[in-house]
Each structure stands twice: as structure tokens, then as C-alpha cells.
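Both complexes below contain subunit A, partnered by subunit B and then by subunit C.
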Partner chain A sequence: MNRNQLLAQLTALDFMAVDLQLFLDSHPCDSEAISRYNDIVSKANILRSEYENICGPLTSYRSTSNCPWQWIDDPWPWQGSFNFKLTRDGGV
Partner chain B sequence: MWVYEKKLEYPIKIKNSNPKLAKVIITQYGGPDGELAASIRYLSQRFSMVTPQARAILNDIGTEELAHLEMIGSIVKQLIQNATIDEIKAAGMEAFYADHDKAIYPQSASGVPFSAAALQSKGDPIADLTEDMAAEQKARATYEWLINLSDDPDVIDPLKFLREREVVHFQRFGEGMRIVQDFLESKKMYPVQLPDQYR
Partner chain C sequence: MYINNPENIDTSASPCIPQETVLRDVQLAASYVPFQFFCGVMPPLESLSKGTAFYELYSPYQKREFSNLESEKEPCQGRGNQCDE
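So, the complex of A and B:
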């Protein structure tokens, strides 16, 4: 996978985690939702390290860096060049 | 504490500048029903919230609103970064430009700077959760008016995503409200004391 494909898939997985986490806050005994949540978080963790191998650190205080310090590298998320184009079928 | 993730919750990639749209969308950055107000409201209310579920809902929605704040800032930034002075004048954005150039500043569509007067943190869990449900509906309505004003699919697409999140948040706050009401009711039930001869 190239950078944009990785980022698109990670964005999708992380969004599922965000949505399921909120659901679980009000449904803490839903074991099916918890196992889906756990599954998504494990998959996202694998993708996260794959992304970081190509694009550098993703998360403050959680990612390691080469020298020079990679955290300051452009682009930042608010810059258009950072983002991928979402298409109807979810591709990039 | 918070951990920053160097990506958006949902991608923002806008080709064409459009200061006219930027001028109204900024209201979801710093306006009365915007993302900054939402985030500060929930993250402040959580300190006095009752029940584990409702505390977590406020913490997590307040956190997600920060990601939405970042998305709105990105939309406005990308809509104005390449605008010429003539385009800014044609869009009626001179007042903003005079105060802020093309920077991002928390204000409403009508130019009123962000104010915490738009939100409350009451210490009463029912009052707070009722306000939160109303806030989600006001934000949903604002996104609908903004979608009506937009003609660029690059902008409409993320606005639709943000609108949908308001609907989900409203649902979660409603569930939190039910849980808190049950909790408060349970505190009013006292076990019947057995008369002395049965003890």
C-alpha cells in the first residue's frame, strides 16, 4: 500500500474505533461490540506502525523518530497536500 | 492529558478557494453553536457529571469535538489560502482580512468573537445533559444551513460527515440522560425498615 492508501484505511479504522468507543460508553455490557472494538484497535495498531515506517511519527509522545527530529516534518493535517481524496467507493 | 495524532478525523482536500464560504463556515469554529463551544462545554461539564457512563460520554465527545474544530479550521484555511485581494473584497471578507489577514480566528459568521457566554456548566447533571442534547441539535441545524449555502462537493462532503456526527452525539447524550435519570431515581428508593418485632 502507498501512503494515501494506508492513511485512508487507517482513517476508516480509527473512525470505527471512535464511533464504537462512544457506543460502548453507554452500552458497557455489549460483548459483541467490545470484541469488534478490540478487533478494530488491533488492526489499526498494525496499520499505524506500517504508516509510521513510511511517513514518520503519527502520534505525539507515542512514536519514535530518526534524526533529525521527524515530528516537525511537513505536511500537517490541515494542509491540503496532507490529505487524500475520498471517493464514492471509499478508495483514494 | 491529550495525545495528538497527526491526521484528521476525516480528510479535507479543497481545490478551489472560496472566501465567501469561509466567511460563514468560520461560525462552526468560534460561533455560539460551534465546535470550540461544544468541546469546552463537554470537557468542563465532565468534572461534575454523575455515573461512569455519562462521565465517559462527556470526556469522549468533548475530545472528538476538538478533532472537528481542527477539521473546520482546515476547511476555512484551504478555502482562503489562495484567495486574491479582489476575491476577498468580492466575498465581503474585508473586515475579517483587516483584523486577521488569512489566519484562523474563533468568531461567528456575523463576526462576534468566541464567547463562553454561549455555554453553561451548571453542576446539575440533568440541566447539563439537556443543554448538550440541544447543543447537538443546534450544531446539526447549523451544518444544514451551511450545506445549503455551499456549492462545492469538496466542502459539502466533510460538512455532511460533521452533521452526521452531531446526530450520533445527540443519540449518545440521550442514552446518557436515561442512565443518569435511572441513577437519580435509584437514590430516592429507601429500603423499608422492618418493624422492631421482626428484626
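So, the complex of A and C:
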């Protein structure tokens, strides 16, 4: 996967984790949904590490850094050039 | 008075699409949300693109022409005889 595909997959998994969290808030005993949620969070964490190893830190305070300090390398996540373009059918 | 009576809930709709649950004889000025059931989720990129991970919650806004909306209006629907002028 290239940088944009990696970031899109990670963003999508984090989005699913939030959506499943909302479901689980009102369905706390749904073991199938909890299992799916755990699976998604695990996959997201693996992808996050992979992304940061290749492309640099995603956060200024939770990511490890090589020397020199990598966070000052732009673009930052809130800049347009950082993001990927998602098509209607979910392509990147 | 009504919602607690199981006879008032039509459970014939698909368990994956609780929006189609039909409630009968419910009280006015109260909201009712059918209880969602877990029926799987979409693939990650499709979820992100559609704004929900749940197939049964995907309900994009369908734009219609204003003139069509006007012609579909049924005046005084549900008001019974009070409609007569």
C-alpha cells in the first residue's frame, strides 16, 4: 500500500471503531459486536505503527520519533495536502 | 399505555432492518426508536465513504423536485372529519 492507501485504511478503521463504540454504548452485552470492535482496534493499531514507521508521526504527543524531531516536518494532519481523496465508492 | 403492550409491535419486519418495525396506536408527542440488532458491518473504506458502518443505517438523502413534493401533499391527512369546511 502507498502512503495514501495506508492512511485511508487507517482512517476507515478508526471511523468503524467509533461507529461500533456508539453501537456498543447501547448494546454492552453484544459479544459479536465487541469481537468485531476488538478486531478493528487491533488492526488499526497495527496499521498506525506501520504508517508512522514509514511516513512519520500522526500525533505530536503519542507517537515516537527519530532524531531529529519529526513532528515539525509538514504537512500536518490538519493541512489539506496531508489528506487523501476518497471517491464515492470508497476508492482512494 | 400503548408501547409496553407487545401486541402493538409488528415484528414481521427483517431483524436487520428495525426501521421497518411498525408501531400501532402510539401516544402523541413521544419518540420511539426501534432497537438495532447487530447484523455485521461494511468493509472499512465503504463505511468511511457512506458515513456509517451499518448497512441498515445507510439512508442517503434523496433530493426531489419541489413541485413533486407539492403534488404529493394530501391536505388534512389524519384529521378525519375536522377537515370538512
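The rule is short, and it goes like this: the second predicted complex is superposed on the first by the 89 of 92 C-alpha atoms of A that agree within 3 Å, B and C clash if a C-alpha of one lies under 4 Å from a C-alpha of the other, contacts with A are read in each partner's own complex, and residues count from 1 in each chain.
In the analysis below, a residue touches a chain if its C-beta (ideal position, glycine included) is under 8 Å from a C-beta of that chain, and two chains touch if they have at least 3 such contacts.
Quantities reported herein were computed from a predicted structural model and do not represent experimental measurements.
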- [ ] Please tell me which partner, subunit B or subunit C, touches more residues of subunit A.
- [x] B
Open item on the list: If we overlay the two complexes on their shared chain A, which of subunit B and subunit C does A:V41 touch? Say first, second, both or neither.
Closed with: neither
- [ ] For A:L20, select first, second, both or neither according to whether it touches subunit B, subunit C, the two together, or no partner.
- [x] second
Open item on the list: Contact-wise, after the overlay, does A:G80 reach subunit B, subunit C, both or neither (first, second, both, neither)?
Closed with: first
- [ ] Please indicate which partner A:L58 is in contact with in the superposed arrangement: first for subunit B, second for subunit C, both, or neither.
- [x] first
TODO: Check the residue A:Q9 against both partner chains and state whether it touches subunit B (first), subunit C (second), both, or neither.
DONE: second
Open item on the list: A:M1 in the overlay: touching subunit B, subunit C, both, or neither? Say first, second, both or neither.
Closed with: neither
- [ ] Determine, under the contact definition given at the top, whether A:P28 touches first (subunit B), second (subunit C), both, or neither.
- [x] first
Task: Doubly contacted residues of subunit A, that is, touched by subunit B and again by subunit C - done: 8, 11, 15, 19, 23, 26-27, 86
Task: Contact footprint of subunit B on subunit A as seen in their complex - done: 7-8, 10-11, 14-15, 18-19, 21-23, 25-28, 57-62, 71, 76-78, 80, 82-86
Task: Parts of subunit A lying in touch with subunit C, wherever the complex brings them together - done: 8-9, 11-13, 15-16, 19-20, 23, 26-27, 30, 32-33, 36, 40, 86-92
- [ ] Over in the complex, which subunit B residues touch subunit A? Could you list them?
- [x] 3-14, 52-53, 56-57, 60-61, 64, 70, 73-74, 77-78, 157, 168-169, 172, 175-176, 179
Task: In the complex with subunit A, residue positions of subunit C that touch it - done: 36, 38, 41, 43-50, 52-54
